[in-house]
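First, the structure itself, so that you have it in front of you.
Naming follows writing order (A, B, C, D and E), and every chain is counted from residue 1.
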């Protein structure tokens, strides 16, 4: 089971990927989340004057925070637009995937077959996304706004005109950092990562780019997903003698890795860098001061001082009593993308929506970005952030922004 | 020969003698008939219900396979996900690399289940009771790790075999020389229903066969069975392997249906959930666990409409086990036999609970 | 003298430090009733356990019809024709009396052929018939359908014997078959034992000296794991070592 | 003499199986009462019912005039009834001292007194304080089981289940002596025995129980001399 | 593969520390099993509750030490509630039903944790007095980890002594052997059950707090630890505290060394170890063997 950035598995070893044991299938016909105007979805939704949106997201287990943040972001946009997107009344249906692949497939099926949704939002986990591809393609009845799952293979293997990443891909959160690290931090790194698809991808992309930039990879450490104690791995990192480390860990793995790195005093010896999920809003409170001075790369940073973002942050905080995180932004942009698609297409037909969205530009809190017409991947700039001491605990500060990143197309040409 | 007789042609009627009473058999036939009608109806009302029904049937089959060894033969398997999962992976690998023909894929899934179960069983029957349970769990987890870490790819030096944590995705639908279009979900439903019904028939048959009787004897008094001349370990391994075949079939039906094989299918949590289905439904009754599977699948679907749905689901398990000592099946039977006393039963159960807790 | 049916040669069984059976050599000829007597803890039951494969001997050999059986598994020994009944009732308490016996009569009729999985167990009608015959022999035919757990004490003891008998043994080892029985039941049991001895060899462990002296052709006496005397009833009742073992302290 | 224990019309089941049928018996303070009968007759179950280990479904059991049939076993023990089970059931993994300590009650001083008192009575146990009970001989284990029943709350009534079982004849004598001494010191005894001769030799009165029913009651010597009854009920010739 | 000495040393220390903390969790599980045959799937949840309550208490009062004191006691109370209102109703029934009950409880508690604390990872703030590292030969080791190693070893030693020497220990061993006899000796065994359950819960709670400051605290940790502790309890022999301690040490070391040699298949080592032990000793290292 692969979970994307931000997900966390609770416990050690590969014995227990599953956080919630009973969640093969989850089914949640909910009213709209807090503050949203939409009412519960019901059978026969998706008529011509309504736009039915299905959230394929986890709302329970360790991934609950991610799923809920995405929905909160989505609802915020919806609320700001009086419950309409592209002039259509919006109905939302949501089911709890609990981050499990099997459940994700079931829910996708249900949304497409039963609820007749016009748009899918989600999932959080790449494994779910990869498993969903076939169903989405088969039914071809809804546009798919991928609000988090970042595995590049959705584009490489799927290359679907209905699929739009309103989030990121794993290349984006790793490779672009390589040049920056080479220029600003060190010319040699050790790579450490959670040993599952997403971690492996991130490691590979970074390595490729780092070596291309002229740097040297002096060591590589793979820790099983859900490792609790990193001390055996820290030894290998230390003995590599590297001046910097690039890592991919997320959720509780990120918490454990970063805090133990600091417990063992290793961060005095090397500069820690990583994909943004290593040091994100959902892990920083638990990482605390252990995170200080570490660098990471992400497309959204809540502390970014642009007007667009500050407005978003204050609106979101007002509504949810907390700072938005990257997932909230992705949820927000999913709604925005759907808004653009629906108003441009003036239709709720999936392929109309998709062609209307292809190449479109979004004015996102993360900064302006557009969908690559060839892959429907987001063409966006990435922030390099450093963890600094803020007013309430530690926070990320943008120290550089990498613009004009050229994305690979992985053989996809829509 | 009537259909009823097919279940059990020489039923003697003694309560200790048959796994199902005549009424029970009739009930099951009626249920199968009802399910045959329900499929199309459900599909007409809400197409997704058909999808759900197929899932329920698959898990009912899996629960049935486990109950045959767990409830009937007393072999506490905590590792049935291993057979389900490997059966599923076998199906996925065949579909991806060889053929999607159901007549090849499903027998291969059964065979995989049998082989894996024979392997696990051969090692595990040396221990008894909870130790046996833990050994089966251990072996199942080993399969899980193998699939998750994609060890076969490392050993064979190829890029991927099990697909690691993402699993094997994008599977083609099963086909049957064009006889039955299985991409049509209704057809898949009937295929599944038919196979589940046949499996039930086969297992009832097995339970009442000389072999099944020996297993029952082993459950009752394993040592004495050895001292009247039975090679107990061999019976246990074979019983386990047969059960594994049905579990493999369930996996072989499920994976092409979801077009996905992933490591979670092998995880102990699934085995644990299965045991819960058995205990909730009514251990050793065969039909109870199938019902339990349906209830658990439905509960998980329906309950999650509530915010704290896990709390509710957990409470359901707790309440059932405390107040319905013989599971749903036991509660249904006593309700059927004495409907008027239902309230009395509840009162007794409460009084009993109070007494035990206050003690 | 013909070859003995069962012969042990210096059999010893140790459990850790404890020697339960020590250097026992005895032979049991075919036919008739032999008894093993001795105070509690003398090693009689352990000897039975060695004969039936529950334990493997630590040293020495056990031959049945000239073939080594020490250390074989229980079912292999049963298939050679040795079976035992138990002092404590040890049956399938949830099953009917008939089913209890039928499991035993079924044993040599089933294997792992397709038939054994596919047909209904009741179609093994000769097994059922034979089981009924056994029940009749042990006097339990009228309670054939009762659950074993609900049988009266004496009935349970007879069912216990019936199960052993149903495997059609050549050598039947009986552990205190009359323990706790009333005089009538005891008499019935003794005649049953004599009846069984018509076509099988019987070895008894028995405390009731009257029975031992009356029915046995040969007696072996054990004490503290050792064989201290062998002989006819008359010889044994005269034996001083036996007197000491029974009356002397520990 | 005053009635200490009175069992009145109890019916007891093991699960579905009905074991005791309307069993009544009484034990007066200071008596030794034997309960004899064949294996499986219900003797052990009667003691277990008195102890509330297998509670009677019907009927009453009074100790010192108070009903006890609804109590839990540990409360029964508090009422002065002590049980020495069949096969002794000493805690094999515990030492002799630990076995006794477990049963002793009260403050440290009380407990020490209780334990030292039984050591005085059973010097054999005193010698073996630190030996694991499981490694002792049958006779020693029986002594320990009786000793264990004597520490803790004052024992008014001692329930002894088959104390002679599995013991060499000489040891059986020793056990009988212990029972006699205890009774002389004022402990009332209800004795279940397979070994009818031993039991009747000790007892004042006797009950014979057969298939769950009391079928005979008389002074012990009377039963012992009634050859016919002995043979019918107990198979003693 | 060449493994450096410092790595081996570090892994050994981690292994022992893991072993001792796991032993704290496993102790309750094995004692309860010995007495009641209860397979307690909710035991991991008690460990998790220790960690979460530790998070709350230490955040509320700003004191790790207070958390280490209060949270385990609170977990003990939760344990008492579970035993009295749940398990007790099932005593005398087929112990398999405990699986359904405790599985249900574990699911419930996991749901409650997400409701109360949310799904994200939390952490207990380790005390400042234990911050920093010390140099142990070639290894720089965090003081807090040494503290965990020391305190859990001390606790295990204390429990060992208690079970071996004290009256309570005698009672626990006797109850594991023959509860009915204990009852007949005038001891209310149902209180013993509750007591032992609470005792096990407190120990698990201590482990939760201790590890909650060196690892992340998350809703998956309850189910996460359960299989590992089952493995320990089974290898050690059900009901044997001593066995659980040895087995926990073995599991801790295998886990730590496994991470050095072949991290992705460490679990296979664990399960294989269990399988091998059970094939040689079908009742675990110190499990009661069936009497002949």
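Everything below uses one rule, namely that contacts are C-beta pairs under 8 Å (C-beta built on N, C-alpha and C of every residue); 3 or more make two chains touch, one makes a residue touch a chain.
Remember, predicted model here, so these are calculated numbers, not experimental data.
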**Prompt:** In the chain contact graph, what is the shortest path length, in steps, from chain A to chain D?
**Reply:** 2
**Prompt:** How many links in the shortest chain of touching chains run from chain B to chain D?
**Reply:** 2
**Asked** Where centres are the averaged C-alpha coordinates, which chain has the largest centre distance to chain B?
**Response** D
**Asked** In whole angstrom, how far does the Cα centroid of chain B sit from the Cα centroid of chain E?
**Response** 32
**Asked** Measuring from the mean C-alpha position of chain A to the mean C-alpha position of chain B, what distance in angstrom results?
**Response** 37
**Message:** Please tell me the distance, in whole Å, between the geometric centres of chain B and chain C computed from their C-alpha atoms.
**Reply:** 42
**Message:** What's the distance between the Cα centroids of chain A and chain C, rounded to whole Å?
**Reply:** 73
**Asked** Hey, what residues on chain C touch two or more of the other chains?
**Response** 54
**Prompt:** Which residue numbers or ranges of chain B touch two or more of the other chains?
**Reply:** 141, 145, 149, 268-269, 272, 309-310, 313, 359
**Message:** Counting only residues that touch at least two other chains, what does the list for chain D look like?
**Reply:** 72
**Asked** Touching chain E in the complex: which residues of chain A?
**Response** 8-16, 18-22, 60-66, 195, 222-224, 226-229, 231-236, 239, 251-252, 254-256, 259-260, 263-265, 282-283, 285-288
**Message:** With touch defined as at the start, can you tell me which chain C residues reach chain B in the complex?
**Reply:** 52-54, 73-75, 78-79, 83-84, 90-96, 99, 102-104, 106-110, 112, 115-124, 145, 147, 163-164, 166-167
**Request:** Name, in rising order, each residue of chain B that touches chain E in their complex.
**Result:** 76, 123, 126-128, 130-131, 134-135, 137-139, 141-142, 145-146, 149, 151, 268-269, 272, 275-276, 279-280, 283, 307-318, 320-322, 325, 352-353, 356-357, 359
**Complete:** Counting only contacts in the complex, chain D reaches chain E at residues 51, 53, 72-74, 76-78, 83, 85, 89, 91-94, 98-99, 101-103, 105, 148, 152-153
**Request:** Please give the residue numbers of chain E that touch chain A in the complex, ascending.
**Result:** 4, 6-7, 10-11, 13-14, 18, 103, 106-107, 110-111, 114, 118-123, 125, 132-133, 140-142, 144-145, 211, 214-225, 227-228, 255-257, 259-260, 263-264, 266-267, 270
